[in-house]
Structure formats: C-alpha cells, structure tokens
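Please read through the structure below; I'll follow up with questions.
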Amino acid sequence: MNNMRKIERDVKMTDTKITARSVNVHYGDTHAIKDVDVNIADKTVTAFIGPSGCGKSTFLRCLNRMNDTIDICRVTGEIKIDDKDINHKSVDPVQLRAQVGMVFQKPNPFPKSIYDNIAYGPRIHGLSKSKSELDEIVERALRRGAIWDEVKDRLDQPGTGLSGGQQQRLCIARAVATEPEVLLMDEPCSALDPIATAQVEELIDELRQDYSVVIVTHSMQQAARVSQKTAFFHLGNLVEFNDTGEIFTNPSDPRTESYITGRIG
Amino acid sequence: MTDITNAPAVPRKATSTELVAASLKRRRRKQIRLQWIGLGAISIAFLMLFILVASLVSTGWQAFTQTHVTLEVYVDPEEVPEDRLPRGGFRDVLGASMGQMLPDVDMSARETARAVEGILSNGAQFELRDRVVADPSLIGQTFTMTVPVSDPYDQLNKGLIERETEEVNRRVKDNEIAWFDTLADSGAISKPFNWGLFTNADSRFPELAGLKGALVGSFWALLTCFLISFPLAIGAAIYLEEFAPKNKLSDFIEVNINNLAAVPSVVFGLLALAVFIGWFGMPRSAPFVGGLTLALMTMPTIIIATRAALKAVPPSIREAALGLGASKQQVVFQHVLPLAMPGILTGTIIGLAQALGETAPLLLIGMNAFITSAASSPFDSSTALPTQIFIWADSPERGFVSRTSAAILVLLGFLVTMNAIAIYFRQKFERKW
Amino acid sequence: RDEIRIVGSSTVFPYTQAVAEQFANNTGAPSPIVESTGTGGGMKIFCGGIGEQHPDITGASRAMKASEYELCLENGVTEISEAMIGFDGLSLAVSRNNDFAWDLTLAEIYLALGAQVPVDGEWADNPYTTWDQINPDFPAVEILAYGPPPTSGTRDAFVELAMHVGCEELDFVKEGGFGGDWVEENCSRMRTDGPFVEAGENDNLIVQRLEADVNAMGIFGYSFLYENLDNLKGVMINGVEPSTDTIADKSYPVSRPLFFYVKNAHRGVIPNLNEFIDEYMSDDALEAGGYLAERGLVALADERRAALQDAVLNGKSMEAPE
Amino acid sequence: MTAVPFLFLILAVVAGYVINRRAARLIRDGGSRLHSMTSYHGMFSALLILVPVLTFILLWIALQGPVVDRITMAGLPEGVLDGLDSGGVQLVLAEIKSVSRGQIFGTPEDWKIAAAGRYVILHDRADWWLFAAVTILSLALLAFARSRVAADFRARQGVEGIVSGLMIFCSTVAIFTTIGIIASLSYETWRFFERVPVAEFLFGLNWEPQIPLREDQIAAKGAFGWLPVILGTIVITVVALVVAVPVGLFSAIYLNEFAPKRLRSIVKPVLEILAGVPTVVYGFFAILVVAPAIRSFGQSIGLDVAPNTALAAGGVMGIMLIPFISSFADDALSAVPQAMRDGALGLGSTRGEMMTTVLFPAALPGIVGGVLLAVSRAIGETMIVVMAAGLIAKMTINPLDSVTTVTVQIVTLLIGDTSFDNPKTLAAFALGMMLFLVTLMINILALRIVRKYREAYD
Amino acid sequence: MNNMRKIERDVKMTDTKITARSVNVHYGDTHAIKDVDVNIADKTVTAFIGPSGCGKSTFLRCLNRMNDTIDICRVTGEIKIDDKDINHKSVDPVQLRAQVGMVFQKPNPFPKSIYDNIAYGPRIHGLSKSKSELDEIVERALRRGAIWDEVKDRLDQPGTGLSGGQQQRLCIARAVATEPEVLLMDEPCSALDPIATAQVEELIDELRQDYSVVIVTHSMQQAARVSQKTAFFHLGNLVEFNDTGEIFTNPSDPRTESYITGRIG
C-alpha cells in the first residue's frame, strides 16, 4: 500500500501556535477529554485521528471555544494561542473565532448567495471599507478555496445550490475570507465523494503555506496524505502525538498500532 | 493550483485582528440592544396580560362575595297552611320577620311593606318554601335563615352605590339606607363567599344569578366536541400523516384542513345554522349542536397538532418495527401513536380550550337564550360560558357588571387550568430522542 | 317539547325573562326558553307556522305590522292574542360629570344626528360638528352620540319617534310644505360621518362608554338609565326629563309601547303555556309596583290593565292591524 | 329502551371477538400455521359487527321519530284533518304526543286519545323491531365472520382494511365541512347577487345596509359596496400586525436565543395563555379599557380620535396574535439546523449577528407562513371587532378613525332582525363567502410559501 | 499490516440464498443503483463496502423491501430469496421482513422495556403460545445477542437506558428473536466504540452459523475481519464481488484497488 506517499515531503517546523495543557472536557457526567497536553505548530497541518467518539471533535472545538455554545459542556485546563490564554475572561470568543476559523463535517453554506456567503465574515468584522474592496476579498477567498473558476459566473446564486464538494470548498473559502490565523476542520471530507475529497485535500496542502491547520479525520489514509503531525485519540486520551510519518510507520503506543493496523475502530 | 497561493502575502494579519477588535464594542452593543428589544417585547406582552387580568379582577372581585341577611323566621300557619303547600304566603312570612327586625318601621302601609320586603332577594321566598315543603313540621316554628339581599342593597353594602349621591339619583333611598344600617348594626348582615355564583343557574336577579347553567352547557358542548373531534381528528391525522398517498387528493385535504383552521368562527356558525338546524332539524340552543359546531372548528387544530406529534416520532422507531415485520398499522398503533400521545393530548387540550372560549358560532345557533335551569342532557336548551358572559354584559342591572367580569375570570380560570394541564403533559412526557 | 319557547324583541327580553323566572319558581314547571332575536326577527320566526317547532310567544317593541300579520295568516297562524304590557322610554343620557343641563328639542336632535339637514335653505349633508353650531346656548363640545344599529327595533322607534317628528318641526320642512312621505324618505337616515356612533346591540357597553366619555350622549332603553342614575343623567326633551311618570303619561315624547303576541292554537297543546300567560298577566307582574316595573317597565294604567288581562286570559284574538 | 340495542351490540361484539379468537386458536393448536394472529381473527369479527350494526342503530334512531309520526298521522280517522294546513297537522301531532306523555289539558277528542295510544304502541313496537333487527344483523355478521376463520385467512389485512376505511372517512370530514360551508353560503350568496349586482358589491364604495327589512319598516335605502368594509378589515388587520409582528418576532428571537432556560419555560406558557383568552374578553378589554385610554391620550395631544378607533380593536387583536406569531417564529427558528448556528458562530459572529443575519433569514419562509396564518386569523376574528370596532363603513385608512369589518357586518346583519328574502340579510352570506375565499387564498399562499422554501438550507 | 487475519478461515460455500438480477433503484431522478447482479450465499457473511453515497444502504434495503416505505423510491429488476421473487404481488412485505431481519446503523431500541423490545417481534408474529414460551424466546435471543448476562437482571428496564454497544446488541437480539433466515445489517458498528464493535463483530461471526448475514460497512478493516464475501460498490455500480480475501489482496478492478489502497474514499 502506498498510504504514506506524502509523508516524506519536507516538514519544516515553525513556531508553536497553540499550546494546550491538561485540558479536560465534561459533557454533564461524560468525561470526554482527559488531561490532554499538546503543542500545535504554525504553518503545519496537524491531524487528529481516532475511533469514533474518542473526543477528536470535542477537543477541536475547544480551540475556538465553540464548546461554549453547548450548555452542558465544561472545559478546564489551559489553552494558549500565541501565548494568550483563550479561556481568559478578557478574551472575547467572538474575536477568538475570527482568529481561529472552523470548517465543519457537513458543508453548511448559508442559504444566501455565494457572494454573500463569502462576504459574511468580512462584513460582520468590518474588514472592508468599500464594495470594491469586498469584491476583492471575496475573489481572493474563492480562489484560495480553489472554487473561483467554478462559481465566478454565478456569484449571486445560492450557495446551497452547489454540489457537496463545492459546498465544502465554499465553506473553506468562507472561513479563509475572515483571514484567520488558525483553521480547524472537523472531518471536512466525510460527506464528499472521492473526487471532491481529492480537491479539498489539495487545498489543505496549499493552505498550510499561511495557516496553522488542524484537521479531524476518521480516515488514516487521509491523515497520512495531508498532515505533517498526527495526534491519536482514544477514549478521550491523547495517546500519541508525533510526526505523521512516525505515527504510521513506527507507533510507540500499542493502542495506536492496533488502530492503524485495523484491529480496533 | 492557482496563482493566488504564491502571490506575495498581503500585510494583513495585523490589520484583520485589529479591525475585528475595533468593531467588537459596537457589535456587542448591538447584540445587547437586540436582547433588550426582545426582553421589551416580552414585557409588553406580559404587561398587556397583566392589565387585562387586573382590569377584570378590579371589577370582578366584588362578585365573589354576596351580602346576606340573617332572619328569625316564624312560619305562620295562617299564611302557610299545610294543606296548601307548596303554595302559601311565604313572602308575607318573610315580610313579617323583616318587620320584627326593623321595629321602628310601620309595616301596615302596603308601600312600605313592599319596600322592606324588597331588601330581601326575590329568591328568599322560594328558598323558604323549599325548606318548608321539605320539612312541613317547620310550620308554626321559628328558625333562623340566611338569605341573599337584593341587588341594590348588595351594591350598597359593597360601596358600589355611594351614599353621597343625591337621593333621587340613587337606587336606594335614604330611608332604605337607614333600614339597611339598622340591620347591619344588629349584626344581621354578612358578606360570605358567593357560592351561588357556581351553584345557581341564570336568573334575572343578579344576587341569584349563577353560572351553573352555563357551566353545565359548556360541559355538554365540550364533551360532545371532544367525543366527536378527538377520534375523527386522530383518525384523519394518522391517515394523512402515515398512510395517505402523496397525491392531489391528499394535498387538497391538507389545504382544506389548514384553511378550516383559519376560517372565521362566525362562518362555522353560519354552517351550523344552515346545515345542522336548517337541514337536519336539530334543536336550537342545544349544547349538542354547539358541540358539533365546535368540533368542526377544533378538529383542524387537533389534526395539525397530531400530525406534528406524529412527525416528531423519529423514523428510526418506525424502521425498527417495520424491519421486524410489523405491518404499517401495527407500527403506527403500537409504537408511533403511543409515543405521540403527549403531543396529541397537548394539542387537544389547547383546541378544547379555544372551543371553550368561542362565542360567535354559539350566538348564531341560539345558545344565547335565557334559561333558569341547568341542562340535564346535551339536547336540552342551554347557554355556555362565553354566551352567558355575552348575555350578562347586556343586562341593565348593576350587579351584572361585576358578575360579567367574575364570569370572565371563571372562564379564564378554566382556560389557564387546561393550558396548565397541557404544559404539564408536555413537560412530563417530553422525550429527547 | 316540554318548555315554552319565546323569541322576539331585545327590549321586551328582560321583562319576559323576569316573568319566565318567576313562573318557573312558582310552579316548578320547566323554565321557558327566552331568546332575544329582535322584534322583526321574532315576528318572522313566530309567524313561521304552528306546531312544536315554532315558538309560542314573541315579544315586540312595536305593534305587529299588517305585513307581519299577513305572513302569520299565510302560515296558518290565525289566532293571535296581542298583549300590550307597558311602555318603554327611549332615553337620551349623558354622564353625570357633564355639567351642562341638557334640554333639547326634537328638532335639535334631528339637526345633530340626521344625515341631511337644511343648510342655508338647501337640503344638504349635515355640516354640524359641535353643539353650539346648532344652538348658541349649548356648549361648544363635539356632537357625539352612541345609538342602536339599524337592525334593531330600538333604532326604528328612535327614528320614528324622534327623528321624524324632529324633522317635521324644522322650519324648512314646515315652510316647504313637505309631507309625510317626503319626511320618511329624507329624514330616516342617521348620519354616518362620525358624530353618531352605531354602538351595537349592547346597551350596557354604551352606558359604560358614557361614563368614560363626559361629552358623549347615549340613546338606549329607559331601564338602563334607571339602573345607572347615579352615574348618568337623562337629557330633557322639550323640558321633560325621562322618568316613569313622564313616560307613562306620554309627556316625555320618545316612548313606545311594548307588546307580546301569543299563538292561541298552542294554548292547551304546549304544556304550561296557559299558566305562563296567567303569570305574565298577573297584577304581581304588571301593576305599577309589580316586579316588571322594578325592572324599568312603565306600567299601564289600572283600567287598561284590567281590560288587557281580561282579553288575553280569555284568548281573545287580535284584529288584523290596518 | 334505547340502551338495550347498544348493550346487545356490545355483547355481540365481545362474543364475536371471543368466538373467532377461540376458533383461530383451535386451528393453530391443531398444528396449522395461521396467516394472522388469533387476536386479529377476534378483532376482525368484532369490527365486522360493530361498524355496520352501530351505523344501523344510529340511523334507525334518527329515523324512528319521523316514521312513527307519519304512521300515527296516517292512521287517524278519515276527515279529522280536513281543512288543516301543515301547521295545524303539526299541532295535532304535538297534542297527540303530549297526551301520550300523559299531559292532558282540557278534553281532547277521543280519536286523539286513541292516536296517542297507537303512538305509544308504535314506539314500543319500533323499539322491539330495532332490537330484533339488531339481533338478526349481529348474529348474521357473527356467523359470517366465524365462517371466515381459516389458517390462511388474512384477518390482519381484513382488520386493517376496515380501520383504513374508518380513517379515510375521518379525513374526508374536513372536505365535507368545507363543502358544508360552501353549500350553506352559496345559495344565499347567489340569491344576494340576484338582488345586488356582483359588480356593485365588488366595486361599490358605499356600504349602508339600511334597506328596510319589511315594507313598512322605517329605514333608508341601502348600498352594498363591500370595498369600505374590506378596507376597514384591512386597516384593523394592519394595526393588529403592526402590534403583533414586532412584539411576536422579538419575543421569539429573545426566547429562542437569549433567554435563560428557566425564563423560557415560564414565558412560553404564559404567552400561550394570551392565545387562549376568549376573544369576547378581549372585546370588552378593547372597548372599555383600551379605546378610552387611546382617546383621552389622543385628545391630550390634540389628535382627533374616534371612540371606536381602529387602533383599539386592532391593537387588542394584535395582543391576541402575539403568541401565535411568536410560537410560529420560535418553531421556525428552532428548525434552522444547528449547522447554520455553528457556521455563523465559527466565523466569529456574535449571537446577535448570527440571529439577525443567518437564523432569521433562514427561518423567514416559516415565519412568513406563520404571519400569513395570523393575517387570516385577524381577518376572520369576530368577537373583538363586534364589541370594539365601529358599524359604519367608511373609506378611510386612518387608524384613528372608526371602521367596520366584514365579520362585524356578518354578525350584525344576522343577529337582530333577519329576513331571508332581503339583501340586507343575504349580504351577510355574501360577505361570509368572500371571507371564506379570502382566507382560502391566504392559506394557499401560506402553504405555497412554506412548501416552496421549506428546508431550502438543507 | 494484518488486516486480513481472518480471511483465511475456511469458507465453506453453501447454497445461494439471495439472487439479484439487474436491479435498478431510482430516487426520483437520482439513479442510485445501476444494474446490479449478485448472488448471496446462505450461512455466510457478505460485506458491502464502498465510498459514502455509493448505494450500499439502498441495495441492502431492497432485500427486504424497506425501500417500499420511501415514496420516491422506485425499484426494478428481480430479487429472489429461495427462488421466490420478493417483489411479486403475492408477497406480503410484512411477512418478507419477518423472514429477512434488519439491524440499522444507529441502534434504535423501542422506548419500552428490554423484555418488550425482544418480545415485540414474536408477539406480532404469534410465535409463542404462552408466557413461558415467550420468556424462553426472549432469553434465547438475548443470549444469541451476547447481551443476556448484562441485562438479565433488568429486563423490565427501558431498552433506551443501555449504552450504545448494548443497544446495538439488543437490536441484533431483537432481530434474531423473530427467527429470520437472512439478517441485514447497515453499518451496525458505526455508532459504537471499539470495544462494543469487537463484541458485535464476534456476534456476527457466530450468527453466520445459522443465517445468511449481509453487512454494510465503510470500514474496510471491518469487512476484512468479519466477512467471507465482499461486494464493492462505487457510484451505484457493483464494481466487484468476490471472496473477501481475493478482493483485499488481489482486486481485479482498478477502482477497487484505488479504494482499498486509500486513494479514494
């Protein structure tokens, strides 16, 4: 098998962007994340893998405080982005989320035009001063979302009319349009067909130039293809975190090995 | 893939974060403003409800008490000979005992005697008669009786007739006030809770008028309404939601039902007048006909609620049962319907609560008649609560002003109770799938 | 059916209610069912025929018309007893907080409320909006009167007794020599531009609205004024204040007789009907101090009452009205 | 006596159930594999008896009275009814009936007493016949159902067929109701248009139904142009919506997104009470509390406010509609998928922005559907306007003025004097028909909108 | 990797239980299944694999006519079980479904007691004459569902109160209780954690003794672990159908190879 075809590509480590220290998450009585420590580097794609229900999404959502929106969810521990504690009182989650963008498992374009979908973020954050500036932002985002060519003639049509893969790329473009520093993606390809998946993966690889990208996936193949670093979660624990190549060729934890060899999951 | 990626990075990061930060204060304010507007909207709604209830209570509370006078009654065998029962001069008997309580009054003048007797409610003589008829040994005896006073004196006692008003403009004259005060001073006057409001049927005399007839009529009408609309609506809802093929006909039925839910109630009254009374020759003023009309109105509400409740049962339950080899009807009756029942009941109770308060169609089928006895079957003539309110509101006697408000409060009480039951159902059986 | 069924005028309704209640109390018979359908509506149902499904009695706030009598005849309702039970005053009233001592002539009432009035010698739309425009002695307040809708007999009576008479008193009409037909045609409409408010069938609502609105005037049955004398005062007409006495002796001009009609064919067939009529005709009910008078009915003089009782109790059928 | 057939029916139904189930059990215990379960065999028999026999009994009870009456009258001696019209005949019948109940006044003729005797006997006999017919029918059905029991008899399909039939019958009741409404309106409407030209009704600018009901009635001429009436309805509806829509929507927005759970669980039911308050109560409230308040406030700032101002009726109607709109909007907002909320929040919008820029537009179709239903409620609302709106139709859109509505006119024309050969009364039916058509159109529109845009975001 | 650890176990082919010939399924205008022919053997576990949306579930639901319940779904072609055309008019789908049991992706116990969950099928089909007989049936089914020990003391408690894995085994036991001949399972483990998954997989292996089991899964590892035959679907086509070992070691179609090597999906 040639799962690992992309792992060897050069991994130039840059600064640490996100540090998490003894993060615990409870949903009511469910202990979903147990004492997780991790450092996520800038300009890198980090993959979270693990069997269903192990807490990948939960942890991801801690990074931009999306868990705040779930009543029963309680997060403890320390998460810092650029050395600033994001759970500190002084941090406005709204600002945090502008800085840490998110793409969801199911493409969720707003029931508005394609243009308005992309312009949504820049508008609410006041990133543009004029219509023409906004046009530019939208075009740039759509180009980076690798979907410009497909939609440039129908910007005023509803975003919901696109195919699944296009919708997902639209959502990525939408997230990019607000110029975040970190991009979180929760199984961005699980609703997509193979061709769309390939397109999105290519896109992720390109986004790495500018962003710190964190991606959750249940496909080990995908993790291997797109990421430089991989974290393996199991039952709420971060079992192993290492270079992707290491993890897939030489896992140090027996649980990781069981998982990637298909004995569990 | 594209040229953009390799384009020189725009010096943007700083600006973007700054821009966001700069906009935050304004945006927070906007959100808080939205929140306050929402809270304001709710407060307006609450305020209106409060004013409504307060204005009702302020006029209606007086009707929940009724002034009574306690009398020593000597049943004179001359006036009430045993062999003539139930006829007899009961009014004179009462007059005589009033005379004893007002020793200063010259009862020999017929005018004065009548005026004194007028302190007592017209119903007093019948109450006395009924007691004597039930126990003829009372003839020749003296015993105490507490009876309502007539409406003007009740108003006087409640302060609704002001003593300062010029005598000619007062329903109670100066000498009458003096009599009443004498009675009050002797401790004969009391103001207990007005049970009659619930145990008496309608009457011309405010102090005797009660809601029993209306309550019974509403009960029969609502029972009829429930017995007809509930099974029909559930049958229709199940059929439409679970079995009906999706075709023009079921679309047509659906539009029909939605439309019926919004058809003005007075149109249902026209329907009942023409079809039930005109064609089928059903009796006027009968709660059965009222219930039938209300059933037609309530049915769409229940159907819509039932369909929503059926829809809310997750498909996985249906699939599970179907996968086990249950027939569609088995799935519906054994799984879906029981699970939807709380929602259905909620919808039904709310629909019935609306039916309880419905007036216009009942006016058209003659349920606004004056009837002094409660209906004993749904085919007897009767009024209903809302039409009783309508009748009382149009009565000249002053006592009916507060009684109208009181009747409205009683009706509201029923509605709130029914809604509370619905809410209880909803919260108790609410399921999370 | 076991109960007596009564329809008809909403004006007679309270009196019939009182008799029905008294009757049920006295005899223990099932209480009659009294529906208020309006005089004309009552006549229509009443004259629908004889038999169980038709009512036995109808109340009326005016005498039966020839056309209605014919309708009755057509449907086989031939034997009818007419009973005039008393008078009802149509009172104009204002709130007691209104400090002006109102005294109007019928002509002034017409000028205030008629749809068309003489204006500078022309018959034109009513231009008056304040009372002082009609009579400089009146205060300069807006004309505002609540009154019955065109569907009620009360409205009929008001138009006939006040508006027509008032119209005829106008110089324009007198001098123009316009006759009865002209008056009927031109003086029957109440104005619809605001000062006259058709307030629905509910007189109590009018009463309560007068209490809230000092300058407004109300038109309704005397019994409502009688019950609310502490808050309302009657408006004098031609110097006469509405009261039991002035209505009975007809010195208060806007008063009308009240009637009920019985199907004689139903007597002896519908249970208790005779007993009920006995009650209605009893002195207890009808005499000046009787219980109907307590409810605001202006009683007949004693001799007339005796004659009436005699005729009705013996089932004397009425003559065809001309 | 009427209870006996019902009792027997219950017995027969139970017997049918037990017998068939027992028979099916025997077959099963004999080793054959049944197609349907034993209880379905029982139910089949029970339903097969219940439905037709019950229908039969109800029909019989409905028809017994008239039939017996007719036979009694037919059996009267020759000639006694001569010269009596139908009313007189009715009266004779009434007398016979009261004699048969033992209520005898005066001295009825002998033939009446005889007829009364016959009447009693006929009724007794009819009761017996009914009982006999029910017995025979039940037993026949019982036997038939029993004969069907067999291993491969599809009893379940049989039962389900009957139940389906019953359910289809239930759902057609709605259609019959609509047909009933149209039928009860259209005849009189048609007669109205015979007297008043359609064009005059539809486009006339004057509504003054003062036409005399009887030849000799004192009233003026009439005019039947419904435009001022419908205009008044529109004015009041607009006022109601101006109150209800913002208050309802903002309440929904607040409850849906910002309200703490506790508050929400209190506020929602209390708001629903507003919807349950009988409209006659709102009517009193409008005319006795709100209208004078508006009038005195208006006068204090120098405005000319009519005592029946449309503001009062409309405003109070708006209060009634608040919960209607708020619960519809709340449902529509809740139906927007969580993904939309996540999407908006993930892009860094505040919850307020999420609400106004994403959720609200997404829920708009549902909300509009709810508002349209509220509109048809407002148009059809009767008691509030009967008490609080005016009776005089005016071509005005000034809400301070007094206007009248379609429902007010219907009620006023029908309560009080009526005469079914006079356009004044018939106009009520024409108005009712128009009202029905208008609400129908609004409903179809609402359904279209809800259907068309439903789940567009999925 | 030892994905294939179970494939070698002896595959004794028995008779064909189900034959499908040129089956086509349309949802409205969507052509979801294109001309599929397949033979499914008795006493065997057959796995359907393929990327998301390829039609696995759709085809599975044809086998017990669950698609009848979807209005817009149109099935053509011929499906025979034991040589009887299941789409024939004379076949009562209700009876068919008793014969062909189904277990769904998400565990869906009825909100009734555990006992009633299991007893439901036997009751409606009249499989027991007495209470004690029913008790026996319930116990047997729960034992075969490998959940008896965990629930035997709480049979009267609601089935919805069990954990996800227990619920899924309850559902399997429930399906087994009606004594079907074929058991269809649509991603029965996708909602389960690894331990529960392992239990269910073991159970499937046991069920093979008596039933023809068809299982849909998106996990190739799982297919490899539990099935003897594997069918690979792609975009509505049945691309390849063969012994599981063959498919995973020596796929004959390039699309199959791309899929199992992780290039697509």
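To keep things simple, chains are lettered A, B, C, D and E as they appear, and every chain counts its residues starting from 1.
Note that in this section contacts are C-beta pairs under 8 Å (C-beta built on N, C-alpha and C of every residue); 3 or more make two chains touch, one makes a residue touch a chain.
Chain identities (UniProt): A, E = Phosphate ABC transporter ATP-binding protein; B = Phosphate transport system permease protein PstA; D = Phosphate transport system permease protein.
Note that the structure is a prediction, hence the values are computed from the model and not measured.
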* Touching both subunit C and subunit E: give me those chains, sorted by label. => B, D
* **Chain nearest the overall C-alpha centroid of the shown protein atoms** => D
* Asked: More C-beta pairs touching across which pair, B-C or B-D?
  -> B-D
* Measuring between mean CA coordinates, which chain is farthest from subunit E? -> C
* If every chain is reduced to the average of its C-alpha atoms, which one ends up farthest from subunit D? -> A
* To do: Report, in whole Å, the distance between the mean C-alpha point of subunit B and the mean C-alpha point of subunit E.
  => 58
* Structure fact -> For the pair subunit A and subunit E, the C-alpha centroid-to-centroid distance in angstrom is 34
* **Euclidean distance of C-alpha centroids - subunit A vs subunit B, Å** => 59
* **Two or more partner chains touched - positions in subunit A** => 94-95, 98-99, 124-125, 178
* Would you mind listing the residues of subunit C that make contact with two or more other chains? => 10, 53, 201-202, 205, 208
* Structure fact -> Touching two or more other chains in subunit D are residues 288, 348, 350, 353, 386, 415
* Mind pulling up the subunit B residues that touch subunit E in the complex? -> 246, 314, 316-327, 330, 334-335, 339, 431
* Structure fact -> Within the complex, subunit E is touched by subunit D residues 28-29, 34, 37-38
* For subunit D, which residues count as touching subunit C in their complex? -> 85-91, 93-95, 97-98, 103, 105-106, 208-210, 213-220, 287-288, 291-292, 295, 306-308, 386-387, 390-394, 401-402, 412-413, 415-419
* Residue ranges of subunit B in contact with subunit D within the complex -> 20, 27-28, 30-32, 34-35, 37-42, 44-46, 48-49, 51-52, 55-56, 231-236, 238-240, 243-244, 252-268, 270-271, 273-275, 278, 296, 299-300, 303, 327, 329, 350, 353-354, 356-360, 363-364, 386, 389-390, 393, 404, 408, 411-412, 415-416, 418-420, 423, 427
* Complex contact set, residues of subunit C against subunit D -> 10, 37-41, 44, 49-54, 65-68, 75-77, 115, 144, 146, 149-153, 156, 159-160, 164, 184-185, 188-189, 192, 194, 197-202, 205, 208-209, 212-213, 216, 265-266, 268-271, 274
